[in-house]
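What follows is a group of structures, each given as structure tokens.
You will see two complexes here that share subunit A, one where it goes with subunit B and one where it goes with subunit C.
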Partner chain A sequence: MRKNAGVKIGSFILMKCIRMLTLLFAICLISFLLIKNSPIDPVQAYIGADMLKVGPEQRERIAEYWGLDQPVIVQFLNWGSALLKGDLGTSMIFRRPVSEIIGERFVNSVVLMLTAWVLSGVIGFVMGVVSAMKKDTWIDRIIKLYCYTLASTPTFWMGLLMLIVFAVWLGWFPIGLGVPAGVLAEDVTIADRLQHLILPALTLSVLGVANVALHTREKLIDVLASDYVMFARARGEKGFLLFWRHGLRNIALPAITLQFAAFSELFGGAVLAEQVFSYPGLGQATVEAGLRGDVPLLLGLVLFSTIFVFAGNLIADIIYYVVDPRTRESRTI
Partner chain B sequence: MSVLEVKDLLISFNQYTSGLKQQQLNVISNLTITLEKGEILAVVGASGSGKSLLAHAILGILPSNANVSGTLRYDGEVLTPAKQASLRGSEIALIPQSVNYLDPLMRVGNQVRTSARVENPVTAQRKVFERLHLHENVEKMYPFQLSGGMARRTLLSTAIVSGAKVIIADEPTPGLDPVVIKEAMESFRELADSGCAVMLITHDIVSALSIADKIAVFYAGTTVEIAPVENFAGDGEALRHPYSKALWRALPQNDFIPIPGAQPHPGDLPPGCLFAPRCPLATPECDRGQPEMRTLRDGMVRCIHAT
Partner chain C sequence: MIPNLKTDQKLKRFYMNRRQKTLLTIVVAAIILLCVVVGGALLDQDQIATNLTERNLAPSLQHLFGTDWLGRDMFNRTIMGLSLSMGVGLIGAIGSTSIALILGMAAATMGKMADRLISWLIDLFLSVPHLVTLILIAFTLGGGFKGIVIGLAVTHWPSLARVIRAEVMQIRSAEYVQISRQMGKSRWWIATHHIFPHLIPQLLIGFMLMFPHVILHEAAVTFLGLGLSPHEPAIGIILSESMKYLSSGMWWLAFFPGLCLLMIVRMFETVGGNLRLLIDPVRANEK
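Showing the complex of A and B:
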């Protein structure tokens, strides 16, 4: 039985990996073609403000050097083979390897996103549970109102509000950036970093709770109306014990899955929040790469975010697969 | 003295018909039954006649939008919601209809153990499983791994370990093969013989007859007749109510003659006797109000023409 389960989960993960590879290939091809057909001129983006000093011949020589005169498919293969060797190219804005920039920015972003993710997950779950257990009371109404309002609030607007209230009016937190301005890198303390992290993380969490809370609420209401909870009541179980034994068990899984699957929204939210707070994370890099035509960085970020979101979904699938007895244990006993 | 007494029970739901107009649906009305120690009362009737709601009303687990009136007594004491809450699972146990009533993510052994009130939960559960011929690795299974018969016996064991004196079994037989049905019925008989009062809610009249002491016939949310089991014999000439007779004669092994028409919808009940529109004996008097339940030949009947 055990061995059988091992084989099953092995083939499950193998299938997921194959899907990941095909997805990545499709993303590579599509984003490459999109950028190729966009008005971005790589030579101009590379030279930047010095464009006037460079003659047409020189431009052509740069294009030739980069292989821009070759057919699209050859260009794609060139880029693809470099990619396979782990070379993402050099960012034109930062003049450094793309992989280095992504790595550095990711560390900043991951702290922000993880904080927001854990906070919104835990708080949202608790809110959903309270709301469902106290259905149709004033506390349920307040939580619902809050969630509906927040679910339709744009991230950047929330970020601006946070900045206005907590940074400008109250002066509790710095206005933007990841570290204090005018301080040497080696003098920046963890406390400094934390202080800069709080507002963007709070913005993302405050918005993120709505989704989990509303889903958990619905699910728990369903569970509480289910036959097995009615039977548990008929056996004399009630209150918190009833929730602990039958409620929590049945709503935790969907909530965890949902939270992992929300990686994509988290990433999207982070792009906007980082822009508002000028927080030096992946999101901000993405916006800059897009605006300033930094093709290698943009493509690198697209690939990276694909992997990131896919990993979130994969973790959700694996957790569901391993934790839920209905998929874990086969019928044959 | 009866263990459980239900008198003039009325269960209704408010339903919005068109716009904000509300209509009161009487799903159960004027229901009166009693349950004695050591006795099995089978409650039979077509689906939609309110049988399950009766069980839920006794336990006090009706949905919150249900209105209940009438008196319920347990051991002579009036059952208030608080009293019901304290008796649920310890004095009155429910055996539900299907495996859906077990928590899908909890091992069945644990679920049975949570019902145990009298002795050590683990030993109680193992003893009951052995008695019901459930293999010892069943306790480690999840509900989705159980076969129909195993699920039935698991549900039954929750009632046995609770040590309850009143057991209400709600449709315990559908979808089971005859051997398992017979087994289940025998275990109900055993429970009754050990001093429990059993209420067996079913539409399987034939199985019910094999073990029950009394049969209550349900029609459109009320009892039309309560008869000793021996009356269900021959052409049903010993039965009192025209509906019970018709029900008996409609069985395949008897005449297999269905009666025309259908049970009235709770929102559209006839003014007088609920069965009058389909009754061969109906007279204008039948429409003048619902007949009272009266004692007749060692049973009870709700019909002015019954003799």
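Showing the complex of A and C:
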């Protein structure tokens, strides 16, 4: 029986991955075509300010060097075959391999996103629980008001407010950048990095709370209205013990899954927060690439963010599949 | 429950149920919207002309939201920005709702292949972060008004399309539709006479809930510099410009425009959410 379950989950994951591969291929093709149709001329973007010094012959040479003079489909095949070998091309603005830049930026971003993710998950969960246990009291009202308001707050505005309050008025934190300016890379200490991390992470956490909290609240209210909780209440259980015995396990799973499935919003939020705090992460690289017409980097980042989101969704699905037997029957791939 | 009954009776005088509350919110929202739209239409470039004698003023009665580094009145700029943002958001949300309607109907009525294809398409759009898709599309179309509107329309439809698909599936299997088909009505006739009228509330609410998101995304992309051009008085532009002046303590440049945006978004979200609860037969009788 156990072996059977293993095979089942194996095929489940396999099907998911096959579906992902078709999606990934389509995204490659579509984003490639989109970018190729852009009015921003990549040669022009590459030359940038040196426009006057570069003659037409040299332009052709550059186009040839990047393979830009060939038909789009040939370009796509070239790019695709290089991609399969793990070569994402060379970034035009950083003049370095794209995979290297993504790797480096990813480390920065992942610290930021992970902090925000864990913080918002835990705080949101606790808030949701408190709000549901104290339903219709003032604390519930405050939490609901907070969540509904925060759910419609623009991320970048929150970041700006944080900057105004903590960096400008109180002067506790530096105004931007991932590391202090004018310090050699080797001299940057962990404390420095932490200090630059706090504000963006705080911004993302404060905003990310809303979704989990509201969702947990709804679920817990449903659980609390169930017969077994009523019976437990009749036996005299109440407060924390009641929640611990009957509530926690029922609502922890949806909350965790929700957090994993929210990778897409997390990435979007990180793009904005990184831009506001000029934090050198993936999001900022995406904006730079978009603004300055860096085609290889932009393509690489689109692919990377897709894989990132997919990983989150896959983990959410697997957790559901493994832990909650009810979904196995009804869930189609 | 009995304990609740007691609290119900001693509730304050101003107690309103959800219908009344929603109605009130809609009225307030409509008034504010009207003010913003009319204000945006009445104000023109003269109202935000540069006035170098009144630079960098903190908020006062004369300039409610203060003035910027060129002496432009921030209140007027904010109103213009809001009306612009809402215009863009409106076009984007209408576009997105239409896409959702067409694809959702197609998925539910045009057979298995179309259904598979469309659900694959939905997955495709959900698997890239919205903001990245928007950046990609803005890049393709070279930014500007067209880029942002198309980007917004293309990115927001998937979840609504799913709702509509499920709804159409349900209506399609209803008896009156079956009978209608037996009587030889064409698919198109059934779609327009039986299915579409049932979809109107879903569409309306989907639109109301989508609209604030569209506005937020518009502001975000413009803020990043990939949306509307810097000459337009959009909220995103105002906020991204204000970043340069934050370190000199000019908080009002960022605070008020963002707060107004938040209020508008919040209002639509409340109306949409309440309407959804009201048409939901399971929960419509809650307080």
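Everything below uses one rule, namely that the second predicted complex is superposed on the first by the 312 of 333 C-alpha atoms of A that agree within 3 Å, B and C clash if a C-alpha of one lies under 4 Å from a C-alpha of the other, contacts with A are read in each partner's own complex, and residues count from 1 in each chain.
Going forward, a contact is a pair of C-beta atoms (placed from the backbone, for glycine too) under 8 Å apart; a residue touches a chain by one contact, two chains touch by 3 or more.
Owing to the predicted nature of the structure, the values given are computational and were not obtained by experimental measurement.
> Using the touch definition from the top, say if A:19 reaches subunit B (first), subunit C (second), both or neither.
second
> After lining up the shared chain so the two structures overlap, which partner does A:78 touch, if you call subunit B first and subunit C second: first, second, both or neither?
neither
> Tell me the contact category for A:11 with respect to subunit B and subunit C: first, second, both or neither.
So A:11 meets neither subunit B nor subunit C here.
> Applying the document's definition of touch, where does A:58 land relative to subunit B and subunit C: first, second, both, or neither?
After superposition on chain A, A:58 lies in contact with neither partner.
> In the superposed arrangement, does A:153 touch subunit B (first), subunit C (second), both or neither?
Once the two structures are laid over each other on A, A:153 reaches subunit C alone.
> Which partner, once the models are overlaid, touches more of subunit A's residues, subunit C or subunit B?
C
> Touching residues of subunit A toward subunit B in the complex: what are they?
226-228, 230-238, 245-246, 249-250, 253, 324-326, 329, 331, 333
> Under the touch definition given earlier, write down the residues of subunit A that touch subunit C in their complex.
Against subunit C, the touching part of subunit A is residues 19-20, 22-23, 26-27, 31, 34-35, 37-40, 148-149, 151-157, 160-161, 163-164, 167-169, 175, 264-265, 267-268, 271-272, 275-276, 286-287, 290-291, 293, 298, 301-302, 305-306, 309-310, 313.
> Residue numbers of subunit C touching subunit A in their complex, please.
120, 123-124, 126-132, 135-142, 212, 216, 219-220, 223-226, 239, 242-243, 246-247, 249, 251, 254-255, 258, 261-262, 265-266, 269-270
> Mind pulling up the subunit B residues that touch subunit A in the complex?
Those residues of subunit B that touch subunit A are 56, 59, 61, 85-86, 88-90, 93-94, 96, 98, 100-106, 114-115, 137, 141-142, 144-145, 158, 162.
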